[in-house]
Each structure stands twice: as C-alpha cells, then as structure tokens.
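Starting off with a structure, shown below.
Chain naming follows the written order as A, B, C and D, and within any one chain the residues start at number 1.
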Amino acid sequence: MAPYEALIGLEVDAASPEEARGRLPVVNAVKQPAGLVHGGIYPSMAESLATRAMTEAVAPATAVGHSSQTSFLRPVLGGHVHAAGRPRHRGRSTWVWEFDITDDEGRLCALVRMTVSVR
Amino acid sequence: MAPYEALIGLEVDAASPEEARGRLPVVNAVKQPAGLVHGGIYPSMAESLATRAMTEAVAPATAVGHSSQTSFLRPVLGGHVHAAGRPRHRGRSTWVWEFDITDDEGRLCALVRMTVSVR
Amino acid sequence: MAPYEALIGLEVDAASPEEARGRLPVVNAVKQPAGLVHGGIYPSMAESLATRAMTEAVAPATAVGHSSQTSFLRPVLGGHVHAAGRPRHRGRSTWVWEFDITDDEGRLCALVRMTVSVR
Amino acid sequence: MAPYEALIGLEVDAASPEEARGRLPVVNAVKQPAGLVHGGIYPSMAESLATRAMTEAVAPATAVGHSSQTSFLRPVLGGHVHAAGRPRHRGRSTWVWEFDITDDEGRLCALVRMTVSVR
C-alpha cells in the first residue's frame, strides 16, 4: 500500500489491464466542511487504481498520471465511495481509463477520465 | 480547517474572490509508490482553495465543485506543493478558476482548471 | 439543419433523451493539413448531437454547451466519422453525455465528454 | 491554409513557439440553431493554431492533437471570435497550450486547454 492510499483509506478490489476497482470508507477525514466527501478523493482513487492496474502490463516502463477530468454529479455522504474503471484505450504511450464513481446504493456520483503515460 | 484539508496538510495563504493560494508540505503520506507527490493532491488543493475563496462572495448560496481538469507536467519530489489560482469567470451559476501548481523553485508542475457551482 | 451542422456535413441518426447518434462523411473539407480528420470535428459532433437530443426533454428551457473534454486516440482518414453518445447524468441544471467516436471499422478514435447546461 | 481552416474561415495572426493567435469572422455558417457561434469552433481554433505554432519547433517530428478541454463562458453573437494562446508546457512528448477566446469587445467567452503530442 502506497503512503497516500493508506492516508485516504483506499482498498483495492481489482487491478488488471482489463479493469480497476476499489472502494474507500467514508470517514470524517475525507470530508469537506459541509460534510460531503471531498471532490479530490475521486481523481485520487482513479489515479491510484489505474496506475496500479497497469504496472505489470507496462513493465519495465512505468505508468505515470498524465491528465484527468472529473465531473461531480451527486454528493456522497456516508458508506463507501466505489470506483470502477476500464481502459478505453491502451496505446504504446498513453492509456485512457474511464471510471464510474458510485455510492453504496449504486448511484452514479462522479465520472473520472484518467489518462496515464507509459514511460 | 476542514477534515480532509487537515489530512493532506493544506495551508491556506489567500482566499478571496480575486485569488486563492495555498501550499502543502511534501511529507511521505502524500506520495505515491515511486516517491512522487500523488496526482490526486493537485485537484484536491484546487477544489479546497477555490471553494473557500468563494464562500463569502456567494453566501447565502454555497460553492460546490462541478468539474475539474488537471494536467500533470512535472513531478514534485520534496519541499512544498504551491497552488495559486485566480477566477477566470465569475458567473451567477458557475465560477471557473485556473490554478498553477509549482514547486519550491517556482517550476510549473501541474495545471488545474476548476469549475465550481453556485447553489 | 443548423448552419454549422450543414457546413461540416453532420447527419443525425438518433436524437432522444436516451441516446444521440450521427455520422459525418470524411471529405477533404474536414481535414487538417496532414490529411486526417481535424480534431475539432469530434467535439463539434458531440455538442450538436447532445443539444439536439435534449431539446424536447428540457423545453421550454434550452440546452447550451457548458464544457467538453476530448481525447484523441486514433486518426480517421476516410469513410465516415461516427459519434454515439448517451447521457450519464440528467440533472436539473446540467446533463453529462459521453460519446464514443469511431470509424467505419468500428475502431474507437476519440472520446468526448460533453456537459450541457439547461437554462 | 488547410481545408478545414478554410471551411470555418480561420485567419492566423501569429504562430510561433511563444504564442498563437487567430480570429474568425462570425458568419451564419459557424452558428448553431439559436444564432450563437457553435461551441465546436473554439477547440477547432485552438487545435489549428497550436499545431501550426509548433510545426517548425518540433520538426522533423509532427504535432498532433492529444486532448482538449473547453469551458464555454459567454456566447459570441457577431463580429469575430478571437483566440490567443500560449504554451504553458513544452515537453519532449507533449506541449500544453492555454487559449483565451474573446469577442470584439475583449470579453472572455471561452477557455481552451489544448494538449498536443510531439511524434
């Protein structure tokens, strides 16, 4: 577990070149002042999950975040934040992942498009 | 200080409708496995700083993250991460902020475009 | 047919609140200097298709582009450009659509995330 | 002049590794149904201007669009659309440009962040 992943409490459920999935318990430490999960959590989860899922497939090259775009759709107030992504493009120099962020009821709460460089 | 801001160690240096600035010490807890600052830190800083900077100006409405786009340009390995943003658009329903993320040497390390809803 | 849609040659195949689909013949006029379809065509198609698809559903309000993010994955050299989108979020103030851009062989050539305001 | 640039009427005013500027007369052909300039025009201008501005600097490699993000802030109804950009990052494999889109009164109408690959 990388230090930042431990800090935010990310649990990795799947990390392969075909999919990346994880979740994060909604504790007080990941909230913003109004009591919602902080928006920075979603691209954080996507980047951790995508780069882990690529590690073996791209070795000995490494996977490094290139850019991300996040749309916030619905706040998460409790339970878990779930992130499930799949690679839409696996190129030699970049992979593009799309993640759905959902809550415990399966409602779509955010979308993250994560582009990862292969170096 | 909101819980998540305390968790990642964000220090707010300026938060007004004209600018938002802050920094974050690079400790082990904000790093990814290769020892670089985790990319999720940059949109996290931008969202915290932008929404704080808008709080008074939009009251009694509230400022809530709508979307963000982050481009990673150069890793940060130590020292501080600095975020400096200004609003490029202050509309009735959304504000758009642009943040430069720099290191202690002033090198540009990431760009974040943060759109915030006024509700 | 709106003027710009006629200019670029967009043909609309489906435009409902559940999906938006269209295609565009690859003629010389939509190409950049190296002979590939110009990247501006993809967000253009997505915006036209998404706003048309929303028109009835949001009336008497109107659908206006809010932001878009496009990732270019593979050039299109001939045949048609196909765009197929579905709304991932249908909120009161914004809808978020995701479009896959493909060529005649069905290969994924670009991704467009299009956010549309309801006003 | 490339075919698509001629189609939309782009006039290039500056194209160097330090800046890229151009404008486009607002004729009927670039409008959407409600009479506003179609949103697809803005990323189109940015991509054309950025890639042209890089051509000499990156030769014999070529500049190819990688991704773009556009935020629409204010409609353009007449006169010209002006695009002015500068590179925020000039890396070996990608350049990142930021464009301000303005109208004849100098009002900010859109923002485009354009990432270009060097291949």
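Methods note: a residue touches a chain if its C-beta (ideal position, glycine included) is under 8 Å from a C-beta of that chain, and two chains touch if they have at least 3 such contacts.
Computed from a predicted structure; not experimentally measured.
Interface matching across A-D, B-D or C-D places the copy of A-C, with more than half of contact pairs shared by residue number, at B-D.
Remark: among chain pairs A-B and B-C, A-B carries the greater number of C-beta contacts. Taking each chain's centre as the mean of its C-alpha atoms, subunit B lies 31 Å from subunit C.
Centres computed as Cα averages put subunit A at a distance of 18 Å from subunit B. Residue positions of subunit D with contacts to 2 or more other chains are 66-67, 69, 71, 115. Under the stated contact rule, the graph of chain-to-chain touches is complete, every pair of chains being in contact. For subunit C in complex with subunit D, the touching residues are 2-8, 28-34, 36, 38-41, 43-45, 47-48, 51, 62, 64-72, 75.
In the complex of the two chains, the subunit B residues touching subunit D come out as 69, 71, 73, 88-89, 91, 96, 98, 108, 111, 113, 115. Listed in rising order, the residues of subunit A touching subunit D in the complex are 66-67, 69, 93-94, 115, 117.
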